[in-house]
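Think of it as A, B, C, D and E in the order they're written, each chain with its own count starting at 1.
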Amino acid sequence: MINDKNSQKIVDILQNWARKHSLFVLAYGTGCGAIEIPPTMTSRYDAERFGIRGAATPRQADVLLITGYLTTKTLKRVIRVYEQMQDPKYVIGFGSCTINGGMYYDSYNTIKVLDKYLPVDVYINGCMPRPESVISGIVKLQSLIAEGKANGAAKYKENLDWYRANQKKIIPNWVMPEYNW
Amino acid sequence: MNNELYEILRYGILGGSILLILIGLYAALTKRSLIKIIIGLSIVDGGIHLLLIGIGYVKNGTAPIFSPGFENSTANMVDPVPQALVLTAIVIGFAVTAVALSLVIRLYRHHNTLEIDEIKNLKW
Amino acid sequence: MELILNILGAIATIVLAFTVGMSYGGIVRKITARVHNRMGPPWYQNFIDAFKLAGKTTAINHGIMQHFGPAFIMVSSIVSLMIVPVLNGGGWFENLNFGGDLIFLLYIMVFGPLGMALGAGQTGNPNSAIGITRGLSQMVGFEIPWVMALVALMVQFDTTSIVDIMRIQNESGTWMMFSSPFAFIAAVMAMLGMFRYSPFDIVGAPTELASGPVSENGGKYLLTMMSSGSIFAFVKLTLYVDLFMGGADNLIILVLKTFALYMIPVLYGIVSPRYRTEQSIRFFWGWPTFFGLLAILYAVFV
Amino acid sequence: MEMIYLILVLFLGGAVLTWLLGKISPIIRDILFISSVIIPTVLFFMNVEVGHDVSFQVLGYKLSWGISYLAYLFSYIVLGLGSLASVYAVAAMKGKKNLGFFYSNFILSIMSMMGILLSRDLISFFIFWEIMTWSSYLMVVFRGKDVQKVGIKYFVFSAIGAYAMLMAIVIVNSLTNSLLISDLVSSFGSFSLSMKWLIPLLLLIGFAVKSAMMPLHVWAPGAYSNSPMAFTSMFSGALSKMGVYGMIIVMVSLVSYIPNGFWLKETIAWLGGITAVGGTLWAVAQDDAKKLLAYSSVAQLGYIIVGIGIGTPLAMLSALFMAVMHAIFKGNLFLVVGAIERQTGTSNLTEVSGLIRKMPWTFISALFSIIALAGIPPLGGFVGKWMLYESLIGSNHYLLVIVVFFSSTAAFLYSYKFLFGFFLGQEEKEWSHIKEAPAMMVVPMMILAVATFVLGTFPGLVLNPIDNGLQELGFASTQGRYWEMSALFNEWGNQVMLQPLVYAIIAVFLFFAAFLTIKGFKHTRYVTTKDISSSGEVPKEHENLTFSQNFFQPFLRAVEPFMKRRIDTYYSGIGNGLEAIFDFTRRIYTGNGQTYALYAVIFIVVLLMFKNALFGL
Amino acid sequence: MVGSPVLLIAIPLLAAFLIPLIGMIWKESVRLIPGLVLAFMLVSSASMLLYVTNNSTIIETIAGWQAPWGINLVFSPLTGFLATLMIFLGFIVWLFSYRFKRNVDFEPAKKYFIFLMMLVAGAVGIVITGDIFNQFVFIEITSISAYALTAFYTGRNSAEASFKYLLMGSLSSSALLIAIAIIYSQLGTLNMADIADKMYLMPTGYKITALIFFFMGIGIEAEIFPLNGWAPDAYTEAPGPIGAAFAGIVVKAGVYAMIRLVFTLFDIPNSMQFLVVIGLVTLIVAETSAIKQDKLKRMLAYSSIGQMGLVFVAFGIGTAEGVFAALFLMLNHAIIKPLLFLSGSYLVFNSKEKKISEVNGLGKHMPITSLLFALGAFAIVGLPPFSGFWSKLSVLTAAANEGMILIIALVLIVSVVEIVYYFRVVNRIYFFEKSDNVVVQKPRINAMIAMLILGSIILVIGFDPDIVSIYLHKASHDLMNTREYIDNVLSIGQSLTK
């Protein structure tokens, strides 16, 4: 949809600006990273000044925050949540575990590379990443949105078969509604 | 017949009849045996018959029959009507007693007792 | 011609209400942040949010009532906006003011919750339904002192017209909040519930119910609801100003008065925990109702 | 032959024929049934005119039949709702047993209601009243459920009411030597003070039972929910209005002339208010739609009683308007429940869910009726409530306003519960086979739904006949002051136009509906109700996620102190106590013949002992 | 002269004695002859009733002995009305009991119909006789045949019921005889008209004592409260049609005797109040006792007693309206209660216990019988448009016109109790499930006709009460006009002596 900065119309620029400054974050507290979200949101680091706000349900959310390792059991829920979010939507991988498994690199029960299953727009490195890093990651996402480069959702749609294949490898009994847009 | 005797006789009949009625009632109300109750009722009947007769009695009266020599002495006749009544009442009392006794037989067959206290399947 | 002017006036009112309502929303967020010792978002943050919601490219609904529910809510807020006099003397913002409108207002204001409830019910999300039941129950709670306050006003002024109430206040020069203080207290306490800030925010209860009635709404639906809420906030504040503070002669005074009034539930809310539903109902049937009774007695006997 | 006789005879003959010939074939039965409701209805509206009375004598009592303006208004309710409900009933009851019996009772109850309205004297009023009672009783027990409890309770309360009325009637007869209602009204002023209190009170007890006023309402929930819904529609919509009809006559024509009768009016109004609150609270607590609507009927009748009790012209106007509206929307809601029960087999709100897409027309009519019930503006229910509030404030009943308002706010709770329980929520596979009800059921419902809308916009359509009726009752001529087509007036004289508001509402709604539809039309998708955000979990098909148990538990917890005491339990306590006493009395008959003989002897002894006291000359 | 009242007594008595004789030749005759006799009586009585309604009272003297001395029969609008009603009910009972249960066999049928004829003869005699001792004799005839009919079934508790009845009946006859003795001792006459004429001669104490003994003697037949212990048992244990006959014939005769005494013979004004009080007590005790019954016939019996109480209340009002109401009530009760007994006896036909619970669900299996029972129940509790309503209305109107508001209230409260127990039964018939061990008995065609006749009368009177009101008005006028009665009876004798 939005591949190239040059193709952006004025409306898109405005909309991207708004999207950038109004990120409703659905923090999916999968792992230990969930503990870093409250300090990020509260007085000391105050993520709200960037327009960030917690969203309670995927229907309202723009950003899916995967905080830490994903067990194979949780993955299904995360995929479901992601698919229930409305476009445009973004994924932030949070902590080393989402990048390469981190300290769970040899676990039989967690997924190692989040990107194989969900289109991650921004990774935040660290184990755990401190709130400062979280904010820096979000700022990165904001700049990507403004440039129109945060197009993970489009990528997911294009390569749905590949993602599904990967997902189904982890989740043997796959009963989920079709993702059909 | 002199007056005193007449009065004594008259009140004797009345008192006796009332006494009979009370005796009969006593039997009917307190005795537990069906037969005794029926006897009590018969005594009550008898008392009442006596009462009726007593009412119709006239001093120095004669039988209420128009016999020769007494054609014009209706004033001195005993009143015939109560006697007729008593005759009828006796017949009726007899019939009732007969029915009652036949019922007692039925009851005895059914309940194997003559105690009236035992015979109360029908109540409330 | 007159019709067009009327329609233009109506649109102007709506724009005004939307702007003021949204700004207040942003300012509340800012103030809350400052009380929390945070920077907080800019005051226009709500406009950005609204714009972003408008820019969502996809939307889902679960059925026709979820689709039309936001429209119902809009009907409620806009029609009630139309019959609440914005300024003294009418003019551009006169719209549909008429005598006897208080009772009408009481009922049309319920139209919104009903639309919300239907929309939320259609989604099939249990959280939404739970939120709705809590909301309706709470509404029964705060309507009692609120109506008592209104009845006291109606008794005192012998009218059910908001315009008349404003006119009489201005003629006598005494604001209602001073001439009938108990009614004002009862009404303000009811207002706490009406705005659904803490401690009466169990309806939404973000973490418990996943924002309750709106949990299945995103994009344009959420946008409509949010705008409606902003307009509605303006309506309520203006109504309070009209009824208790003598109305406003111009927009600046209106903004000042409404803002001052708005601070009551906001500040009370920031420092409060959350009531359970029955606790909040009992709260409203306690002191606020007592004050409402006092107000009626006051109006009848004084 | 007089048209009035003809109409009643047609009803009666129709009832008998439907029953007898109905045994031959169901089609004949259905046709006979509908035609014997519709034909007299048409004849009535075509040929019967106000002011034409016929009279005749029975057993030396002079009876008189004719119609008044007020009765004409109620005959709209009875015959209109009756015709619609009868059309509905044919479709709804198809395949049930004993239909001939049902239909003939249906016709009989319509006949009796018309008879009540046509009666100009107290005896025929009472006769038709009793026919109405027993024919509706037979309907209550028609399904054979709970007959000994619900049915007997209904009949006993009705009988208490009716006998109170009968007592008043015979006293009136002894005082005025006439049974005409007009004679009662004209000579009421000359009665002694005690009679002035006694007669209206006795009559009011009779009417209060039928209109389910507070201490006498306990029969209503059971009876309403127990009869077939096609009839309950009539029961709650029209039959209970007979109580209202009588009550209006008594309150206006008699109570007004009692010295200090003011207090009676106040009491009635407050009882009405308490009825409204109690009914509403209990309705909120119900899980069965029939019970819910039944309690709701009690509550709504409470409003009407409040209006009658206040007795100002505006209050009467509002009471009568609400009576008409209640007939329309509550009649319709019972039809809706009937349709749902027919299609799904249950009327329990916790079992059924998500029928909106299965039964869309039913939903629309239910939605309209619920909005009217809740009194939300564009529909007719609001007009009546509005007038009620204004009359209450205008007549200085400030606390009563609060009571009524509380009840009507709490009414939103059960209104929502009704809509949500049946139509909204999860669409379960269990109910996926449900179809819309047949057209013969849907059309009456839709007509009633449209009626709620029309009366909301053009209340003058009904206010005009009401005004005629009120003038007949002796209210000042209000032509042009209290009503005008499609406009409403308030007590303080300002004219209020409803139409611009309705237009505004429609315009705003259409605008936003269009906005929501057009914006992102291509990218707006419909998803099933299983596709909800439940923390990423995918609900399985058989998992029912609808929230329906303990729906308003927090609210009920809050109002628990009010609901702890039920009048019902007191009544059953009294009933059981009486039966125990009666059980004791019959032990006089011990079964021992001698005891009986003893009784006889005691009898005569006592008489002889006290003969001078008893028979002393 | 359209007929002779004496035939109304003589023919059934004759028939009663002829039945066994002819029965030896032709067995079916024991069942047929009573019907023919009753039909003839009905026609004769009805034509006489029509005559006396429009013309003067028919007075028949027996054996040429004129009024104060001989026995005479008075067929006035009142007595004629009651006699016709009784004969009609006798006919209905005959029609119903033709081949009913044990009547299929010759021996029982013979006894049954003999006693039925005697019952009717006695009851009619009570009503139309003008002689007080003659009345006593007829009361005894009625009683004895009633004892026998009560004990008709063997193997039940019928003998017990009959014995209780007999015990009470003996006391009754004793009391009657004492009362007659007192009157005769004071006035020396037994003719009712003559007694009424000379009553002012009697000392008050004697008068009251005689009245009290009469109250006891006739009260036992008329089922007033403390004296009615026999009634529920007898109604319960007698065959169904005999229950109907008790309710329609025997009790009515008792009531007639009672009111004749109070209205015509004795001039004690307080006796009216006494009637009201005793009637109310009877009404309340009986109706409240009925509510907890578990046997159908026993419930109906209590209801019957209660209705009699109401009749006494209505008579006790003392005005022409009250008498009219009471007679109307008697008429309706005589139609409705037999209907209930007759249909009820088929509802519990095969049951041993005759429990109310055994009628469950019979509405589907015996629709017409059940419908008739329901009709009777609706009518007797006074629901319009059935006949019971009009009589109840008349009673209440009469009471209201005399200002007896408390009585109205009590009567109406008791009516509610009545509604409860009748509707419980009707509900059971129609809305309960039939238990499997109840065997349904379809009514015979003759029984069905009998019940249908009664049912249609209920409807006819219900829709047009004026059809009977003229007779009732005449009858009440007749009862109220003591002087006319005395003159009518005595005039014949006087005319002869002059």
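Everything below uses one rule, namely that contacts are C-beta pairs under 8 Å (C-beta built on N, C-alpha and C of every residue); 3 or more make two chains touch, one makes a residue touch a chain.
Bear in mind the structure is a predicted one, so any value in this text is a computation, not a measurement.
A.B. asks: So if I look at the partners of chain B and the partners of chain C, which chains show up in both lists?
C.D. replies: D
A.B. asks: So which chain is farthest from chain B, going by the mean of the CA atoms in each chain?
C.D. replies: A
A.B. asks: Check C-D against B-D and say which one is joined by more contacting C-beta pairs.
C.D. replies: More contacting C-beta pairs are found at C-D.
A.B. asks: Closest chain to the protein CA centroid?
C.D. replies: Chain nearest the centroid of all protein C-alpha atoms: D.
A.B. asks: I'd like the Å distance between the centres of chain D and chain E, where a centre is the mean of that chain's Cα atoms.
C.D. replies: Result: the chain centres lie 44 Å from each other.
A.B. asks: Between chain A and chain D, what's the gap in Å when you average each chain's C-alpha atoms?
C.D. replies: Chain A and chain D have C-alpha centres separated by 59 Å.
A.B. asks: Roughly how far is chain B from chain E, centre to centre by C-alpha average, rounded to an integer in Å?
C.D. replies: That pair's centroid distance is 29 Å.
A.B. asks: Starting from the mean Cα coordinates of chain C and chain E, work out the distance between those two points in Å.
C.D. replies: It comes to 79 Å between the two C-alpha centres.
A.B. asks: Would you give the residues of chain B that are in contact with at least 2 other chains, written as numbers and ranges?
C.D. replies: Within chain B, residues 28, 37, 119-122, 124 contact more than one other chain.
A.B. asks: Would you mind listing the residues of chain E that make contact with two or more other chains?
C.D. replies: Touching at least two other chains: 160, 163-164, 167, 171, 232-233, 289, 293.
A.B. asks: What are the residues of chain C that contact at least two other chains?
C.D. replies: Correct list: 56-60, 210, 215-216, 219.
A.B. asks: If two chains touch, include that pair; go through all of them.
C.D. replies: A-C, A-D, B-D, B-E, C-D, D-E
A.B. asks: Show which residues of chain D lie in contact with chain E when the two form their complex.
C.D. replies: Per the stated touch rule, the residues are 57-60, 123, 126-128, 130-131, 133-134, 141, 144, 147-148, 151-152, 155-156, 159-160, 163-164, 166-167, 170-171, 173-174, 198, 579, 581-583, 585-586, 588-591, 593-597, 599-604, 607-608, 611-612, 614-617.
A.B. asks: For chain D, which residues count as touching chain B in their complex?
C.D. replies: Touch list, chain D to chain B: 586-587, 589-594, 597-598, 601.
A.B. asks: In the complex, go through chain B and note every residue touching chain E.
C.D. replies: It is residues 21, 28, 34, 37, 41, 44-45, 48, 51-52, 55, 79, 81-82, 85, 88-89, 92-93, 95-96, 99-100, 103-104, 106-107, 110-111, 119-122, 124 of chain B that touch chain E.
A.B. asks: Given the complex with chain D, which residues does chain A contribute to the contact?
C.D. replies: Its residues touching chain D are 28, 57-59, 76-81, 84, 87, 175-177, 181.
A.B. asks: In their complex, what parts of chain A are in touch with chain C?
C.D. replies: Touching chain C from chain A are residues 1, 14-15, 18-19, 21-22, 42-43, 46, 48-51, 53-57, 59-62, 86-88, 181.
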